[in-house]
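Each structure below is given as structure tokens.
Shared between the two complexes below is chain A, which pairs with chain B and chain C, respectively.
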Partner chain A sequence: MIIADPKPFGQVKEYIKDYKRVLVVGCGTCVTVCLSGGEAEVQLLASGLRIALGKNGKNPVILEGTVQRQCDEEFVVPVLDRVRDERIDAVVTLACGVGVNFLADRLGSVPVFPGVDTTFYGASAGQGLWAELCAGCGNCITAYTGGICPIARCSKHLLNGPCGGSEKGRCEVAPNSIDCVWQLIYDRLKKLGRLSELQNLLPAKDWRTASDGGVRRSVREYLQEPK
Partner chain B sequence: MSDNNGFKSGSNLERVLRAGHFAVTCECGPPKGADVEHLEKKINLVKGCVDAANVTDNQTAVVRMSSIGASAILVRNGVEPVMQMVTRDRNRIAAQSDIFGASALGIRNMLCLTGDHQTFGNHPMAKNVFDLDSIQLLDMVRIIRDEGKVNSGDPVEGGIKMFLGAAANPFADPFEFRVIRLAKKISAGADFVQTQCIYDMDRFRQFMKMACDMGLDKKCFILAGLTPLKSAGMAAYMNKNVAGISIPDSVIQRIRGAQKGKQAEEGIRFLIEQIQEVKEIPGIAGVHIMAIEWEDRVREIAERAGLLPRPAIEA
Partner chain C sequence: MDKECPQVSAGEILATCSAACPVHTDTREYVQRISRGDYEGALDILLEVNPFPSVCGRICHHPCESECRRKTIDTAVSLRMLKRFVVENTREYRVSRQKKPAERKQGAVAIVGSGPSGLTAARDLALMGYRVSVYEKDTKLGGMLAHAIPRYRLPADALMEDIQDILATGIEVRTGCEVGRDITFQELRKDHDAVLIAVGLAESHSLPIPGTESSGVFLGIPFLWDIANGLRPELGGRTLVVGGGNVAIDIARAAKRLGTSKVYMACLEKREEMPAWQWEIDEAQEEGIEILNSWGPKAILAENGNVSGIEFRRCTRVFDEEHRFSPLYDDSETTQVDVDSVILAIGQKACLDCVSESPVTVDRGRLQCDRSSMATSERGVFACGEVMTGPGSAIQAVATGHDAARVIAHFLQTGETLKIAPRAVQTIGDLPAETAARAKRFERVEVSLTDPAVRIGDFSPIEPGFSEMEALKESRRCLACATGAYLESEAVCAGCLTCVRVCPFGVAKVDRTAVMPAQQCQTCGLCAAECPAAGIALSRFATNKMREKLREMLAGTVAEKISRPFVVSYCCLNETTSREFLREQTEAEIRETGILRVMVPCVGRLSALDLVSPFELGADKLAVLACKEEGCFYTGAEGLLRRRIARAKKFLDEIGVGQESLQLFNTEGSAEQSWPRIWAQLRSAAPDDEVIAAQAAAGGDSR
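On to the complex of A and B.
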């Protein structure tokens, strides 16, 4: 899923300090699971903003809402309706960056501000901990690396084995918290009896499928309406 | 492959190694600015003591004069450079363009590296590149040199002559993979290899035995990397803080045991013993002396280790 961290409160407060009717809108999917942008976080942020801005004598109206997904038209239409019907003059979204953009493309003259910092595609790695597992490069090479991605999980995105900074299974960039992914790949291929594959040279990667090839689109023609 | 009597580039380093001499290289770190005088001072300190001097490429990710610019100054001053190039800061477009520029400026050796991660340098907030890794960089330069094609397959106008180097770290993990990685570098294009600094001689011997068993010493020239220890404090610091460097306690104790004010001398004495030791290890073709900010001792080290005068081989 997509992982995000709450933005510092002061930053969000600064974004909206001059608006009168602000809607804080959460998202019920990834950011709810990683506890940064669901219903509970919306309540928390909205109350904080009311108190902080009230102290400054601004007293804006802070409204709350959460939709199932902010990346699909059908779920976002009710948000757009509320903005129009309740004369909202600014939106703070706690969805990932996709939600921020999706709303910005549809909100006309009403500004939208991010309430979270979107960080990576990852999974739960323990209580209160999430870790990056995929970089979304668009050309998956994990068939050659035992299912473990060195692009997402190596600090230097190396494709041909560990650098000289791999020590006791740890990455020199942060030995206390980051595993050397090439040690993990090595150990896994050893278990799978496929260690000899590491002798093969993985050639320079074609990054066009990553964000380096321009804005990406994904097409399923069978779902599209006939022209 | 090469139109130069079988030489890859005909550089002095390549000719010394091919003639079977025990090669000597050192490091010449560029200044943190455009101070040419400072660089020329360092160049003069190592002139005549080595067959070539490595010019580092923003080592430890600290911004310095470019390795190409500094290498060209070495050429101008009569010391042959080994231009280091890291993939951290340049994509394949910039790398290839820089290699053409380097070749045009008379640079004939290069060392292909991935580079230290930028978190260790003075711009930890920088965006890194890593379009290629060091092995892919070697592969790319070899194809430019031997097949006259850039990475996309387009033809090169006018060839390049480049003796290609790589680094090897026998002291990082997983140990068993280290020699496989060396083999990959050699098949990607490495003509010579300089190792990470050696303090654990037992582990290095074990590494070299594995390399020789695979015949790697016959496919490329392996130079043993050595760094003199200035003090026991430096040794302890490196052992604790630099990943991929391990200094046995016995070595630290030996330096610590020296008389007051004599630790540096003990470090140099230890280095000279190490040079004699690595000379005897099968498969070793030379030494790479990384006297970090200690260029003024390189001549003395080479002298005392019996490495002078350096062979003069006709081009």
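On to the complex of A and C.
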């Protein structure tokens, strides 16, 4: 899942301070799950904006809404309709960056602003905590590392064993909160009886499958409409 | 009727208390209304289905309590006492709401007998618009309630409250008129389109043993009847009551109150088999009544025609394997008790002399009657109450009275009989032990009965009613079963598991989308407060409805005219001990005092939005008045609320309102003592040290 954190309130306020009719729109998928951009956050942010801007003597109309996903045309159409029908002059989206872009591509002359900072692909690591687990590199190597990703979970993205900063299983970057992923990989492969595989060096990574190869697309030809 | 969470009228799933009640009183709703200080509204709920709430508040055997789900946690909610509290505190309102029929309909009904069943049917039919005449052989109305149940349990004025209410519907009554003697059954038939036989079980059974004709032998019901009518049957110094049921207990306790120094009860059953309610047995024993178990009477002994004792043989078994009454005796083991009087309380039967000259069929002493259509062998003649069902309780009799009114109305309209199908009652089921184990225990409010030594002195009532404080406290023990959380729309649920993680009772689950099974949900509202999709609703006291109400109240210019600083105050209503803060505030009051109270059953359900949005509506300060420290009804709510408040404070700083505008307080003592002080301080410029201390204790201030 994509993880995001709410943006500092002041930033969002600054974005929209000169607009008169603003729609705050949440997303019902990842950011709802990580408690940063669902309907509850929309309501809270909208209320905060009304209060804060009211104090500055501006009383913009702040409207609210949430759609199931902001990364699909069908779900986003109602937002576009609202923008048109309700004469909205700015949109704040609490979706991840994908949603911001998706809306920007479709909103014509109406600006869209991000309400969250999109951070990583991660998973719940307990109540109220999420941790990064995948970097979306486009060529998964976890088959060789016991299912544990050294790119996402190593502070230095090292592919062939730890650096000198690995101490007692912890990463020198933040020993209190980050495990050394190479310790995890070692332990895991040992458990799997595959420790010897560590001797096979991983070749230098071809980052073209990651963002270095240009903007990526994913195709399922069987479902594409014939040209 | 506008109910917070309709169950009975909407035919939805019932809480177990309502399901157990023969008339399905919407128990949860009236208890919740009491807890909100709406005693009048609670009375409306009671009277919706039960014309005898004053009687039931005193003597109902309260099957609701026996089925109360709170028992799995600690003890049942004291429902009968709460009912009594309602009727005792709404007398004027009750008179003001008395109803007359909207329109008169064609059709006259005669009702024979004015017990709870007959009067219930009479009231229902009168309210439908039919002409109803009740014939009662006694001088008083009420059946066994008026002339059998002793006054120390059911005072005459409590019964009168119910009866006056019923009479206000315009029923015609003829007391002192015995059908079959003062007027014939055929005459009744001639003058009415339908007749309802509700004569109850007025006669006591005697025993087929020697000596029953001796002087000093009494039959139970006539004995009680005499007492209720101000006579004092002559008993000697020692009395023995034969029987082990509730009637026998009433008789024994009444005998004690007549001044008899020694009262025994003797019955076939072992102690644990006795049909009397345990609490009745306990109270009787407290009064010095000695119970002799497993003895069957063999002969009443007499000297010069006066009772001198009674001989028993050992009873070795009362019921056979199929639980049928089939006693066995051991004649080799006998005993003798020397007494001056013997009262027989071994059961009752109907007196059906009233129909003896009529074609209505009586078979071996029992009125022939079809239970579902309540029809006798004669067209247009119906029966209800104990004459139809056999011995039962007052509220069961009331239930049959309602049914009788329905079948008779149907008959009057169509000439046909109506078969009433037994209502399929669906309940939410028992509270699972694992949920109960996580719930907090709260002691039931008990009242002390008059000291036994004093209470046997006369027939004065022995049980005090609840004070307001006690009633409010007890009402808040109710779990408000089946009024909890539900997903408003599956479409918005992201399956994020937040509800699962915050639910202190392990109730919420995600099965694709969230589910909070009504059977387990404790209605704390914590999941709704934290749901990131704002998709969980609460059927009892939804905070989104509260926000709308707040908005409504502060709409337009009202907010501008309010005295400043304007303090919105969320208050835990469980802390109130009177109606002072439960009453609805007037607009003028809010304007003048600058304080708007929002009463919440546990402030733990307030969401972050609830803690911010009042500022949007013009509030200068927001106070959250929680319960006493560690006093929360709900496990885990206090900690979560504190963290939510900390978050809201941070946000208030960010939006320029300032975190000091939101403060959390714990109630100290009662709401009435504690809250005005808090409000006064919030409204005055300089904060008072004590308040700051209270606030610091609540962990709500970061200064």
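Things to note:
In this text, the second predicted complex is superposed on the first by the 227 of 227 C-alpha atoms of A that agree within 3 Å, B and C clash if a C-alpha of one lies under 4 Å from a C-alpha of the other, contacts with A are read in each partner's own complex, and residues count from 1 in each chain.
By definition in this document, contacts are C-beta pairs under 8 Å (C-beta built on N, C-alpha and C of every residue); 3 or more make two chains touch, one makes a residue touch a chain.
Since the structure is predicted, the reported quantities are computational estimates derived from the model, not experimental observations.
Once chain A is used to superpose the two complexes, chain B occupies space next to chain C without a clash. Look at A:10: by the touch rule set out above, it reaches chain C but stays clear of chain B.
When the shared chain is aligned, chain B comes close enough to touch A:201, but chain C does not. Of the two partner chains placed by superposition, A:71 touches none, neither chain B nor chain C. Touch criterion met: A:186 reaches chain B, while chain C stays clear of it. Shared-chain residue A:155: touches chain B; no touch with chain C. Contact with chain C, but none with chain B, is seen for A:44 once the two complexes are overlaid on the shared chain. Of the two partner chains placed by superposition, A:131 touches none, neither chain B nor chain C. Once the two complexes are laid over each other on the shared chain, residue contacts for A:168 go to chain B alone; chain C is not touched. For the superposed model, the angle subtended at the Cα centre of chain A by chain B and chain C works out to 130 degrees in steps of 10. Aligning both complexes on chain A leaves chain B and chain C separated at their closest CA atoms by 25 Å. The part of chain C that touches chain A in the complex is made up of residues 491-492, 494-498, 501-502, 531-535, 607-609, 612-613, 615-616, 651, 654-657.
The touching residues of chain B, counted against chain A in their complex, run 88, 92, 114-117, 119, 128, 130-133, 135-136, 139-140, 151, 167, 169, 171-174, 177, 180-181, 183-184, 187-188, 196, 243-244. Interface residues of chain A facing chain B in the complex, by the touch rule stated above, are 155-170, 172-173, 175, 180, 182-183, 186-187, 198-199, 201-205, 207. By the touch criterion stated above, chain A contacts chain C in their complex at residues 8-10, 13, 28-29, 32-35, 38-41, 43-44, 47-52, 54-55, 66, 68, 124, 127.
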